[in-house]
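Okay, got some structures for you below.
Shared between the two complexes below is subunit A, which has subunit B as its partner in the first and subunit C in the second.
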Partner chain A sequence: MIEEPFASGNSIIHGIDPRFRVAAATFYSFAVALCYQFQPLIAALAVALVSVLLSEVGLKTVFKRLVVVNGFILLFWIVLPLTYKGKIVYSLGPVNVYLAGIVFAAKITIKSNAILLVLISFIATMTFATLGHTLSRFKLPEKLVFLLMITYRYIFVIQQEYQKIIRSIKIRGFKPKTTLHTYKTFAYVIGMLLIRASERANRVYNAMRCRGFKGKYYSLTYFTADTKSWVFVTIVFGVTSGILLMEFLING
Partner chain B sequence: MDKNQSIIKMRGINFSHFENSPILKDLDFEFLKGDKIGFIAPNGSGKTTLFHLMMGLIKPVSGTIEIFGKPMETEQDFSQIRHRIGLLFQDADDQLFCPTVLEDVSFGPLNMGKSKKEAIDISKRTLGFLGLSDFENRITFKLSGGEKKLVSLATVLSMEPEALLLDEPLTGLDTKTRTTITRALTEMNISYIIISHNIEFLKNTTSKTLTMRDGQIYTDKQVHVHIHDHAHVHGNIPHKH
Partner chain C sequence: MHLSEGILSGPVLFSGAALAVAGTAVGLKKLDYDRIAQTGILSAAFFVASLIHVPIGPTSVHLLLNGIVGLLLGWCAFPAILIALLLQALFFQFGGLTTLGVNTVVMALPAVICYYLFSPFINKNQVITIISAYACGFFCVFLSAVLVGAALMFTEKNFLEISMMVVAAHLPVMIIEGFITTFCIVFLKKVQPSMITH
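Moving on to the complex of A and B:
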């Protein structure tokens, strides 16, 4: 199950108009992605930490999310120090560890964690449905938004169908081995899942037609651009611009 | 509107998925205003197919369909009358596709051109009628089976249809949800056809029972649906009737 652990809350961030949050998070992410110096990156990470604290989300859950992403970043720490040529800090026989690689991996780590934390506090604090509607307000093509929402809705149904099939093969004593029988069974499972998904899609479309669907999707959400949303977006844009300025000044 | 106004009229309908095994053979059927029809027939006899033909979701091999007095030939014809007849699907997961309950229930009214405010008002009223007042912001896929069914019914009723086609509305539901659906149907002044295997439910909600055999519909006047009570003098000793 995809859950939305951060979506419900009463923090300052939760109260900001979703459109402003999406705009702020987008600007911040691009700005931070452009930075290469340690000073602006550390400033960005500090901003991200403050925003997570402001959004009052469960820090334990946030930490779990970070662990997943940093698992991928760990790969950079293995590959980059050994391959990014430059000053050697340590040698073990034919294997050299380069300083530039370590610096680069460190920057990537700070950058990704900062962006992730801001996305958690600005974007993950709204439901998927709200995000979809917000994106449609930003004139993202109607079809893309619709595809996103439908995918989100039916991913659970397909997952349930998958579990149903898996249960039904398990109760008949199926144990995966490296045999032709195993491969054949898995092929059947995938095939059956595809057929069921397409039949389901057909039935859903029919049900939508019965309710007068003619290709247009309406959104019920009302957005209110109040003072606090404007203050919020001004602060985020200001601070982010400051980070960018720092980057350009150091770069000369 | 007079009472005997025709809602759906089918003449000489033939339908089959594969060439040599017809599901519906030369079927004639008329659904009139005020009708409350129960449909009992074995699985696979073509009841759901019949509903889908009525809504224009599938096309008959031959035969004519008239709805509200107008011949239905093209998708265009059907798309103009679909909102006047509410079809409740067998599987609620097919019917609910919006993230939140309120959005799903207002989907129909919005498609019919109602304003956002009107759509929300009518949806709230419909949810209230089915005892789902506090469900508005619930997430549709996180509802229980019974709740999903009731919300599905709400999505159909919010279009304020003139007739309902209910495909096994009680299957897999608990007593409480069954009671809610029975109450809703008896309180509304609306024509409907119900496919069900539940005799007690049909007894409480319908005035006429039909069955299907060999691809045709039979009005079993002699076979009146009723529940038969008698004293059980043999207690728990196994016996045959």
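Moving on to the complex of A and C:
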């Protein structure tokens, strides 16, 4: 159910210092989110495709992820051409299809997919634990990083608890339907999950205190900024700045 | 409830991020070190529970549970939800870096509002508990849908129809979420009352 399919690998991208990848992905994502012209957006999509290829992630899994996200975008393709007032390209009785709506939906689609692909190739190629250590290097509040690590640590444990409860209700012949009984059962499953989580948390906290927990979470991971990381980050920042420049030049 | 990457405008993204930072800062300030394990493991439980698909007619919906998150965690809902969204971005690529702020506000702000509105009534007698828990679950999802709609509207005034559709489409989720919140709170009150008395 919960897994990190892109996190392990030996590609060029996997070998780059995670701090540089986080910085590059953040800069790229915000820059592309601010673009509204076709030329910079297509350039951005090209950059995203190249980076996915460089990260050597399973293209089948990438495709599955894209399908899910584009499901939401599909809503814009259905609604915007009918409601985004502007030049009419086609009319069928009282229904008008507007050009501006189609153009806008197309831009959203390119932008969304480009940002998503870079997220997959730069960030999803590290484990959440690595991301946590990276964020602590970016001087995020210690409490937040600690909370992040402990949540990640226990998701898999809680998931097993969840599967245990689901197994037991299945053995008792539970079949989900649209009935109040189903909602009651799921509510009790959630309630039980929360109680078990809370009791576990007390035990975990006591164990931490026994081991001398002083309210600080030590990160023992060391990152090394080697030449290829610097080259990588320079290229990404350079290309992204180029895309931004293109946007400003076309926009006037 | 997620807004995908690439839809919202710059000003909306940045104001969302600013609000999320402020909310998270308050949440972290209220979070003592001896509560971090509790909050972290509970938010892991919420993360897992939000993957449950509840049937409704021929399809199914997944739960938001931000009403219960609000009642149990109060202001700590902000950091807990921020982390859950970051995990979702990394595991499933739902949402992403630029929309992280907006999506956190969409989910966590209603949780905090509902915490203030409804938590005083949760420990009253059975009838008041049931009514306020249902209202909490329903209203929290409603507020989230309205915030999604508002984010779309501030991006582009032509998004009016889509915004209305988002709110309308979540009506069944609001009803179910109300039931789930009610049953869950009544259950917790019976089995582990210490979890909801602050």
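A few points about this structure:
As a convention for this text, the second predicted complex is superposed on the first by the 239 of 252 C-alpha atoms of A that agree within 3 Å, B and C clash if a C-alpha of one lies under 4 Å from a C-alpha of the other, contacts with A are read in each partner's own complex, and residues count from 1 in each chain.
By definition in this document, contacts are C-beta pairs under 8 Å (C-beta built on N, C-alpha and C of every residue); 3 or more make two chains touch, one makes a residue touch a chain.
As the structure is a computational prediction, the values presented were derived from the model and not from experiment.
Of the two partner chains, neither subunit B nor subunit C is touched by A:Val67. In the superposition on chain A, contact is made by A:Arg211 with subunit B only, not with subunit C. In the superposition on chain A, contact is made by A:Ala129 with subunit B only, not with subunit C. When the two structures are aligned on the shared chain, A:Leu220 is found in touch with subunit B, with no touch to subunit C.
Contacts of A:Phe76 after superposition: subunit C is touched, whereas subunit B is not reached.
In the superposed model, A:Ile150 lies in contact with both subunit B and subunit C. By the touch criterion defined above, A:Val95 lies against neither subunit B nor subunit C after alignment on the C-alpha atoms of chain A.
Of the two partners subunit B and subunit C, more residues of subunit A are touched by C.
Overlap of the subunit B and subunit C interfaces on subunit A comprises residues 128, 149-150, 152-154, 157, 200, 204, 208.
The residues of subunit A lying in touch with subunit B in their complex are 127-129, 132, 149-150, 152-154, 156-157, 200, 203-204, 206-214, 216, 218, 220.
The touching residues of subunit A, counted against subunit C in their complex, run 1-4, 25-26, 29-30, 32-34, 65, 68-69, 72-73, 75-76, 79-80, 82-85, 100-101, 104, 108-116, 119-120, 123-124, 128, 131, 141, 143-144, 146-155, 157-159, 162, 176-178, 180, 182-184, 186-198, 200-202, 204-205, 208, 215.
Subunit B contributes residues 52, 55, 57, 79, 82-83, 86-87, 89, 91, 93-95, 97-100, 102-103, 106-108, 110-112, 116, 119-120, 139-141, 155-156, 159 to its touches with subunit A in the complex. Within the complex formed with subunit A, the residues of subunit C that make contact are 2, 4-8, 10, 13, 24-25, 28, 31, 33-34, 36-49, 51-52, 54-57, 63, 65, 68, 72, 79-80, 82-84, 86-87, 89-94, 96-98, 156, 158, 160-162, 165, 176, 179-184, 187-188, 191-192, 195.
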